Amino acid sequence: MDKKDAGFDRRDFLRAAAVAAAGGGALLAAGAGQAERMVWQIDPAKCTQCGRCATTCVINPSAVKCVHSTEICGFCDLCGGYLLPTAKAQDTGAENELCPVAALKRKYVEEPFFEYTVDEDLCVGCAKCVKGCAQFGNGSLHLQIKRDLCLNCNECAIARSCPSKAVVQIPLREAYRVKSFGAPEAHK
Amino acid sequence: MDQKPLIPRWAWTVLSAAVLAAVVALFLTGKPKEPGPSFRHDTSNFEKAGAAQKRFRETARFALDLANPTGIAATADGGLLVCGENTLLVLDAAGKETARHAVAGTPECVAQGPDGRIYLGMRRRVVVLDAAGAAAAEWPELDERAYLTSIAADTDCVYAADAGNRVVLRYGFDGALLGEIGRRDAAREIPGFVVPSPHLEVAMDPMTGLWANNPGRHGLEQYRPDGSLASSWYRAGMTIEGFCGCCNPMAIAFRADGSVVTAEKGLVRMKVLAPDLSLAGVVALPEDLGAASGEAAAAEDNAPVRDLAVDAQGRILALHGPWKAVLVYEEEQHAAG
Amino acid sequence: MRRLPLTFAVLALALLAGGAWAEFRFPMPEFESGYTRPPMHLPPPAVTSPLVDVALLGGLMAVTAWAVVKRRSRAWVLSVCVVSVLYFGFYRKGCVCSVGSLQNVLDAFIGSGLAVPVVVSVFFLLPLVFALWFGRVFCAAVCPLGALQELCAVRPVQVPRAAEHVLGLLAYAYLGLTVVGIVTGSGFLICRYDPFVGFFRLGGELNLLLAGGLLLASGLVIARPYCRWLCPYGVLLRWVSTVSKWHATVTPASCVQCRLCESACPVNAIEFPTPADRPERRGAGVRRMLVLGAALPVVLLFAAGAGWSAHGWLARMHPVVRLADRVAAEDAGRVTGTTIDSETFRAGQQPVAELYAEAAGLEERFKGAGAGFGAFMGLVVWGRVLRLSRVRVRKDYEIDKGACVSCARCFAYCPVERETDAQA
Amino acid sequence: MPKPDPKPNRFAANPPAWRLSVAVAAVAGAFCLVVSALLVLNYVQVQRTSPLDNPELLALRAKLVEATGDDTAALVEQVRVLDLLARGALFTSQETLRTGAWALLAGAVVLVAALRLAARFRPIPPAAPFAPPPSEGAYWLTRARARELALFFGGLWVVAAVLAALFTPTGFRELAPAAAPAGEQAAAAPDAGAEAAPPAAAAFPSWDEVKKQWPNFRGPEGTGIAHVAAAPTAWNVETGENILWKTEVPLPGFSSPVVWDDRVYLTASDETTRVVYCFDANTGAKRWEYAVGDLPGSPGQLPKYNEETGFAAPTMALQGDLAFAIFSTGELVCLDKEGKLVWGKHLGVPDNHYGHSSSLIVSEGVLVVQYDQKKDPKIFGFNLADGSEAWVIAREKISWASPICPETPLGRMLIVNSSKDVAGYAPGTGKLLWQSKCLDGEVAPSPAYGGGVVFVANDYAMATALRLGGAADAVTAEMMWEYDEVLPDTSSPLVTEKYAYLATARAEISCLDRETGAQVWLQELEDGFQASPVLAAGNIYIVDMMGVMTLFAEGPEYKQTASIPMGEEAGATPAFIEGRMFVRTKANLYCIGGK
């Protein structure tokens, strides 16, 4: 064994000092522990429905799904989010559906209302329906990053490619920015 | 083990360098896939649709000195009434302000009766002014849910559209509530109004038949004074012929020839339907009304056209909220020169 | 701005908070059939306790340190490798990562100033602290990237030392670029170009997967190419490790100069004893050192200049500059059609002039950053040259503490080791 | 007897085991190769065209849109079938990727394990890399070579950097937004009779000279600031007190008077005629009048005559002996001091539902014509001498405001409102310097400027103050504050040392703090304002629609100096030269003097 390893010498002191300094620095960086757990979310107000959420997420299919705030839904028969603008009939025929993967489901409620729900197993987060709903309807459909699917990458690939900077990092407790009357609700 | 390795050591240098070069190259050349046509929804062409059928052009614009105009109506003498925050404006045919009456509260809609009296639909009650604009009467307050959005008068009664309760109220000139029209009633085969937001409209056709829009069903319904459904017409669709989205048509007005002018929100446009309700011509498209999807205003207010009227000269008057102006449209041939 | 009537305004405010249309709506249609609307499906995040991560990180490094320094057993090191690849790799999907944490810490100080979660700063510091006492035990087995490569390094060969020295410069460049990226707010390069994370996630961008595959495949014979020649965090560990206290040694006792370990080290970390005779007169060596030392400032200036001159190219790593490029090209008719970004920009409120101004401002920042980067690289290259010119007499086979990743291969090659084991 | 070795000999070979593991490795390797090849193939396919973008399907959908009647049903069927296939394809390909990945992972694990065993069972026994101890030189040689290589690569870095510098487009500074280059010389029409352009145009007067004059709408810079030491504060049109002269103006017009030396100019019009009047500034006698005749490029057709605007809404601009006038018909003329046409042109009937009303201004030897209209709005810069185009700026929106051209710390700047934004241009070149989308609606008020602050306002929009900053070649305009209490619909704002003033059609005048936008005071008067306020000798002058001229002190509280009826309606902004004021009312032009 090397002699100078015995006991606590100058080098050890320097090491300890270095560690202390680094530790202090780290705490500084951590804002003295103020830093909360941040998660990625889409700001529905900024989203311009470019469709990149479907293609740029690191997982496949994307962790971004369409969510539906039924409290601002019109339950219209002619739904801009469900039907192609060129649709010849208002039914569930594939030729009339806007959703490329038929993830948006339509169910008759009562004359003249229809319920629309999203099948997240199919949804790829392309925002086609979101745009249709915003343009022709109430804007009750919108995209959101599903926390259970998202890997919460250090640098979100979607955020990087989002042309309208709609993907933002927010504290977990504020997570799920969904459209609704009133303020964005926490998910509990 | 032999002295000379069978692979010379410089080979490893080459291999390592090559691998690193390849890796860096891969880093620099990678780019994510862009969404294809199946993932992109291009709606712009629907804003342009109908440009070919334009039969009208804007011939004048009356700027209004009025905070937040809400309703417009044509008067018998060729002038027009515009109501807004605490105010009722009287304009002449040239759009010059001839009188201004203070009103308590914001009328949502205005109409003139056969006797020249002016009926203002406040949120929950009807206020009556005489021809000179002096307060004449105030009709009883309606219930909490009430939300009057449109008012019209014919020779023997006044009709007020209550969007909150989804019915049209029929009043006598004295303010007596004579009846309710349009409440859902399977027995009388009345489908009932579907009104997600306050855009229930009533209008009188030249033969003083009562018409109302049914926004949720994208169409028009004609009622007899007794409240029975005379006829109904719906055309849902995003093409220029149809009505789409929430609450369209959101405003209607009849022209002398019995054709009807309609205004839409969301996909903001104005059209004229012939008496047989086929598309007779397009009046204005989103870009004419500052509501093309590119424009910032589009996001701010998706129903810029607040109300419609047709004046004695047959001109179409559209009340543009954000611009605080009355847009005057005339049919092409008349407007020439 | 329009003055909305009161009700509109009130609801508008409420709605704008949720980002919906600023528009009056009646409550949902009341359904006669007694239908009630379905709730939104908003599942909570799949959170794994950060404590587990930290505990495992510390624990595994402790085990590795023990295995390398005390137990001197490669078997242990390999088993830790397996554990960390399974947990940090496949289970945590490579996204709690010391290598990446470097960026968050930098970002906190010289970047956006966003506070760093405590866990992240711990992940950044712990390996460095361990390196300070035990050398790069983190690289040895705990870093999922290193562990993966270690497992794949089946029959390593020795790359000529000259090549080793030169290729090693690449890692410094990567580190430098990472810093540039963070100073200028261009994003986290290390995360973007992590070649192995794709494997842990069983999918990802093709180019990165290919790159990773290439590295692993070549890694069968060229041990740990990423660690040695690319890893930016490795550079820090390298620095710290050179002053580590109880770093592993080839031989447990005194060296018998049997030369058996010469071929043992896959990363050229075993320094040979210097031959008795000098290559040149002492004076010559000294003079060279002096010349090199004197030239340093000039070199730095020159390198900084070179870096500065490359700012235009570097600036293209920033999305805004690329967008401005695109818009300019479209306006000048150099390109046809539009991209999603340019369309979105044109639909937005920002005037073109402003975009150009922003881009211009960024280019300014890149001038500084580029100069700094250049100077850094100049320093690195020159430092390497100086180190290679220094003549230091070595009697034994020693470990280059900086380069050694404590993979524990060499122990088995040392006869003294076997002696001591036998006596044990 | 020796204890058993705790670490078994790691260099003991085991040929059979080796053979086995090699065999396994070979199989696993082959498997991995195949699988990864397939995966890459699948991946690339899906990447290139997503199954959903199947061109055939897209084509069918397009066809279906057009389709009518009987062929529809068949098409629908096809679409449904293809659509199902496409979606199937998408999900299967994703499934394939997933399973493939797992398979590859398994294969890789086996491969690596087998290889490791193989290596284990046929180890390379420890041995010196080369039998003879390294030749004495060899050791140093390696280091020397390493050193040289390092240097060489250092060199490579530099070269790379320099190459990078050479081959990247850089410098967004140069990348100024497109201002259309000086177009081909537009048809300018020197009057047949007139002698060549007068020298006045060639050498244009100094700024100090211009400051003494009232060459265009709202004074020398167009900012409503009069550079006079004294201005009349008391007069009476009935008694004639301090009225130096009064002249009847035959035809109506909303344009404001402009003054150069001893000449006062006006434009006027009715449905059929457009006239330029020149009066003697000292006597009020009409020197000459020029009725606009047929100009080159004239479509021979007039726009709809709008009582509200008339054809004579735009105010003229002067430069030495040259007088420039534009009418709402699109007719633009340049007259000399004798009233002879130097040049004239027709800019085309403006597509404008109220009628064109933007006034002219001359700066840096260029006549600026803001010609914002519905279709293809433009700003022209014409050379004074011959009316040839110096530059043209393509614009986006219609407007009724007038350009101003103040001297800013960043040089003389042309500041222009449109119905969407306010923008700054270099008057010499028409190059866009900055732009801010802070306006909306139909903008008639012109921008105001003072001490580095640009102030714009419009009804149904906002009042916004912007601070000019940055460098002359990279001007920035950052928003300081907004205000929307009371807003003007035609009257232009005014910015002074400390304050910004607004006058509205609802007869309100509000004074705001220039730095903070805080409302300092708000005063309600009798009648609404169309004309714009002017600061002259410490008082702010503004005339309301009913023709009452109000004077109040420039300052933190409303102190009315005087309120004097002009006897009839007035829509024009008064003109000031030292000690005198020129006021146009509905039918008259007054020159007012006195202390």
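Should a chain be cited, it is by its letter among A, B, C and D, assigned in written order, with residues numbered from 1 in that chain.
By our rule, a residue touches a chain if its C-beta (ideal position, glycine included) is under 8 Å from a C-beta of that chain, and two chains touch if they have at least 3 such contacts.
The structure displayed is predicted, hence computed values, not measured ones.
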Between C-D and B-C, more contacting C-beta pairs sit at C-D
The distance between the C-alpha centres of chain C and chain D, rounded to whole Å, is 43
For the pair chain B and chain C, the C-alpha centroid-to-centroid distance in angstrom is 57
Taking each chain's centre as the mean of its CA atoms, chain A sits from chain D at a distance in Å of 35
Note: chain C sits from chain A at a C-alpha centroid distance in Å of 27
By the touch definition above, chain A meets two or more other chains at residues 50-52, 60, 86, 100, 138
So chain D residues touching two or more other chains come to 47, 52, 97, 124, 127, 437, 440, 460
Touching at least 2 other chains, the residues of chain B are 32-35, 38-39, 194, 196, 216, 293, 296, 322
Contact graph of the chains (line, ring, star, complete, other): complete
In the complex, the residues of chain B that touch chain A are 32-35, 38-41, 43, 46, 191, 194, 196, 216-218, 236-239, 244-246, 266-267, 293
Per the touch rule above, chain C residues touching chain A in the complex are 11, 14-21, 25, 28-29, 31-33, 35, 37-38, 40-47, 93, 95, 97, 100, 103-105, 108-109, 114-118, 120-122, 124-125, 128-129, 132-133, 187-188, 191-192, 201, 203-205, 243, 245-246, 319, 340-341, 343-345, 347-348
Residue set of chain C touching chain D in the complex reads 1-3, 73, 151-152, 154-155, 158, 160-163, 165-166, 169, 173, 199, 202-203, 206, 210, 213, 220, 259-264, 272, 274-277, 279, 302-303, 306-307, 309-316, 321, 324-325, 328, 331, 349, 351-354, 356-357, 359-360, 363, 374, 377-378, 381-382, 384-385, 388-389, 412-413, 418, 421-422, 424
Chain C contacts chain B in the complex at 1-5, 21-26, 29, 157-160, 162-163, 167, 170, 193, 195, 205-208, 210-211, 214-215, 218, 221-222, 225, 229-230, 339-340, 346-347, 349
The residues of chain B that touch chain C in their complex are 7, 9-10, 12-13, 15-17, 19-20, 22-23, 26-27, 29-30, 32, 34-35, 67-68, 70, 85, 106, 147, 163-164, 194-198, 216, 293-294, 296, 300-303, 321-322
